[in-house]
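In what follows, a single structure is set out as structure tokens and then discussed.
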Amino acid sequence: MKLTTLTAALALAGTTALAAEKTLDIGVSDALTGGAAVYGLPQANAVKMAAEEINAAGGIKVGDDTYMLNVIAYDDKANPTEASNSVRKLIDRDGVKYILGFCCSGATGAVASFIENEDAVMLVGNAAERSITTREIPNLVRTRPPADYTGAAAGTFVAQKGHKKVAVLGALDIGFYASYVDAFEKELEKAGGEIVTRESFGLKDRDMTPQLTKIRELGPDAILVVGYVEPAAFIYRQAVELGIDVPRFGFTSGSEEQFLRVATSEQMEGVWDLRPTELTLLSASDNGIAYHANYSEKYGIAPSPSSPYAYDQTYALKDAIEAAGTVDDTEAVAAALRELPVPDEVVMQYLPVDGKMFDVNGQAYTSNGAFQWQGGNWVFVQDLPSDAAAYSAFLSTID
Amino acid sequence: MRWNGKTLLWALALVGFILLPQLITVKYYLHLSILALCWVIAAQGQNLIQGYTGYVSIVQAGFMGIGAYSTALMGLHYDLPVWLTILLAPCVTAVFAVLTGYPSLRVKGHYFAVVTLAFNLVIFIVLMNWHDLTQGEAGITGIPKPGGKDSWLNWRDRGTYYYFVLSIAILMTGLAALIVRSRIGQTLIAIRQNEDLVGAIGIAAWKYKLFAFVTSAMYAGLAGAIYAHYQSFINPEIFGVAQSLDAILAVIIGGSGTIAGPVIGAFFVVFLPEYLRFADSFRLILYGLVLVLATIFMPRGIVGVAGDLWAKVKGKPS
Amino acid sequence: MIEILQQIINGMAIGGVYVLIALGLTTVFGILGIAHFAHGSVSMFGGYLTFFLVVMWGLPLALAILIALVVGFLLGVLIELLAYRPVRNANHINAFIVALGLTMMVEGLNLEFFGHEQVVIPTDFSRVFNIGGVTIPELRLYVILAAALLIAAMTIFVEKTKTGQAIRAVAENRDAAILMGVNVNTIPLVVFSISTALGVCAGVMVGALFAIAPGIGEGLVVKGFAVLILGGLGSIPGAVVGGLVLGITEALAAGFISSAYKDVIAFVAMILVLLVRPQGLMGKA
């Protein structure tokens, strides 16, 4: 309905639009304001940028028709009720069938709980909670690997470094951070190591000295920091201030800028970040460098490391629609996504399973990397040993 | 005459609510209406303690959370039928309300507000951190609808759920009206007007306050349970202090200490953000401004303003 | 032993911030009977503004704080005149709800002006002192000292100056104060300017030592009220004792019991105090 009226309007306006050129509305539901906007807003921006690039390159070709993408983005504030409202509105009112974005697990979980009954396809970005892809929802895929996939690789890495007693300080009330630590612990224990304490902090906490003082008394070989960038940066700084001089490992995915706002480069020196090989300039591929440059130019700020998850969604969707040969049959498009090879334009470095970007669970896997803070920058040091196929098989056994 | 006019209005509203699903073409607004009806129930409860008794409680969303989690967890772990867990949810909430109400009602006014707010924070932190029980921030998914798959009603259809919530909202509004007209309700109003006086004539005011607080919490628990089964998903995020403030806002905007007030206020609170979306980043500011202006210029809410207008039309001094 | 000492030092910094916030709340409450919920957000506004002036305009920190104090003071006066004064004689619920609305507005303004990313006010203090195994960063020490100075200044002002005595008179007995010739229309303005000044200082401290971000102010004001309840509503010594007790309790709870539930433990402590001493630790029965 909406498509035809739009085309009619275009034609009536007497523009030079070709008869066969149509508009395809795609939706974004993400945190555009509030605390989680640090993750959500760059994702929404990334989708818009990808859509413009696709349009500039001639749009999406389905049979004889060419579709130009139009992005409708709603703010879900990372709140579950708001997210189900904005997705309901996209589907019911705006007639959108393809919904991208989704930076945060709670809001994503709410939408994932009903999306199976809808005539729509949902592409999840940065939300890392494992359960989102354990239910094999046919019309849902996710570009970011679950946190425990990365946690296991991180545990192996830290164990290989010879650390036995690891103290954890994390946002452990958040499910996927806890699951990262669980997987980390399992690998660490295999090598004879142990987690000596699990300390927690809240999203708004910035004074971590009580937890760090306790950790200092325990005398661990290393500390592991898992949590959002903004509080995590304070942990690194305050650990130095308290005189803790053991190796610091982390899972935070923050940019240099975000850390330097809180801590000096000297205080950050030597910190490890063990995470999916997301965007950092020094590790980026040609696509990554171009993405970084285009995004910075368009929005006047560097893209967040996790924002390409949403950028890549857009290209995966484009390829899937073209492969399915339809924009109306969402089942066909969802099926095509599951069969898709990794598109050429993506920024992240995906590890295909059986040659496909998304596995049977709808889950994509990137490589995991060990990054270290050296002289003011995150430097890519090495790939973490990660086995996407094995994890994919494991994921299929959970429900 | 006045009574007839009022009854007529209620009857008209009832007809309107019954016809609503037929009038709505975009299903999205039906979805919002269901949410608004959940809020009607919660706001009727809030009104009992805030509007009638005069104690601002900032824990209504926390109690909704307790109701929502109890119905979901009882269904999950004990395999109880949905209708039973929905009925049990307010009872579980009542237990918590007695435990929290007893200490907090020892203090008055602002103290009480802050203590209840602290309770909401505590509920939130526990829901987030007690991972084994609540699954933390990831939340509980797949909460079943009231009827099974082979039920004669299609519960997946939003129209069905709408009428389900509507009937409960009507029942609970009726119950609130009965409470208010009863001797208990009159005592609550007396407490609001002059608590010392109530104490002076030998009435144990604290019993009545506790009754109001616990009843209000049970309303919240019921609303939370109905919400949980509608959305099929809950996590702690939706039961935070911000949502408790929404309950307060609903009562104030609609008309504090009136039965119609929370009904109007709840719809206002759910639909207002929709219409403020054009100014997304200013929404918080506008929201606050509405609250401040409404309190200063129409302290009796929409119902109060409408009443004054009605009186003017009828040519009677208000 | 070192661990306990370290935890007490840890708790004193945030405790000092709590005291400053609580002092602002307690003066407003004691004199005007208003639960000034927007206080936390106004304080953060001061911190944000300081950050902005230092980073964007390159002003020296002291000057930036001074400007923030003036602007914060004006905001406080505006709030009192436009929002609280109209409901002063109404039911106390109304004032409370106005306060909630104001909180949303100021939070919204902060978001609009300063964005959602956390900000940290840059300072030059990066040394760390080590006294027998107890470490204390320079900046933290200054924050604790500054808080102590402000508390002392506040006490002297209220006890020794004429205006201070007038404020105390209104707090004790409003009607009698009017009879004694105290102008009850200017007193609220004085009270709001003091309260906001203390708040802005707290905002700067939070911004320098920790960070300012959306929601931080609301969190602080809740803690501030918890301090009031702990210490006794309207009592200045109560705010000082309550703030330190709360800050140190949190640090000890996080260090020795559970970091996930440290806030729960702090609130439970507050509720226990309430059960035993409804008037608070230092309040009058």
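Chains here go by letter, A, B and C, matching the order in which they are written, and residues are numbered from 1 within each.
Here is the rule we use: contacts are C-beta pairs under 8 Å (C-beta built on N, C-alpha and C of every residue); 3 or more make two chains touch, one makes a residue touch a chain.
Everything numeric here is computed off the predicted structure, so don't read it as measured data.
Engineer: Between A-C and B-C, which chain pair is linked by the larger number of C-beta contacts?
Structural biologist: Ranking A-C and B-C by C-beta contacts puts B-C first.
Engineer: Report the chain whose CA-based centre is farthest from the CA-based centre of chain C.
Structural biologist: A
Engineer: Find the geometric centre of each of chain A and chain B from their Cα atoms only, then give the gap between the two centres in Å, rounded to an integer.
Structural biologist: Chain centres of chain A and chain B, defined by C-alpha means, are spaced 36 Å apart.
Engineer: Taking each chain's centre as the mean of its CA atoms, how far is chain A from chain C in angstrom?
Structural biologist: Once rounded, the distance between the two centres reads 38 Å.
Engineer: If you average the Cα atoms of chain B and of chain C to get two centres, how far apart are those centres in Å?
Structural biologist: Centre-to-centre distance between chain B and chain C: 32 Å.
Engineer: Quick check: what residues of chain A touch more than one other chain, meaning two or more?
Structural biologist: Counting only residues that touch two or more other chains, chain A contributes 33, 172-173, 200, 202.
Engineer: On chain C, where are the residues touching two or more other chains?
Structural biologist: Within chain C, the residues that touch at least two other chains are 111, 260, 263.
Engineer: So which stretches of chain B touch two or more other chains?
Structural biologist: 125, 129, 281 - these are the residues of chain B that touch more than one other chain.
Engineer: Mind listing the chain C positions that touch chain B in their complex?
Structural biologist: Residue list for chain C touching chain B: 29, 35, 83, 86-87, 90-94, 96-98, 100-109, 111-112, 218, 222, 225-226, 228-229, 233, 260-261, 263-264, 267-268, 270-271, 274-275, 278.
Engineer: Considering the complex alone, what residue numbers of chain C touch chain A?
Structural biologist: Of all residues in chain C, those touching chain A are 3, 6-7, 10-11, 13-14, 111, 116-120, 126, 128, 130, 135, 137, 209-211, 213-216, 219, 250-256, 258-260, 262-263.
Engineer: Write out the stretch or stretches of chain B touching chain C in their complex.
Structural biologist: 50, 54, 56, 103-104, 106-107, 109-111, 113-115, 117-119, 121-122, 125-126, 129, 241, 245, 248, 252, 256, 281-292, 295-296, 299
Engineer: Using the touch definition from the top, list the residues of chain A that touch chain C in their complex.
Structural biologist: Its residues touching chain C are 33-35, 37-38, 172-173, 199-202, 204, 206-207, 209-211, 213-214, 216-217, 230, 234, 241-243, 258, 261-262, 264.
Engineer: Which residues of chain A touch chain B once you look at their complex with the stated criterion?
Structural biologist: Checking each residue of chain A against chain B gives 32-33, 75, 78-81, 84-85, 88-89, 91-93, 105-107, 109-110, 112-114, 117, 129, 131, 135, 172-176, 178, 200, 202.
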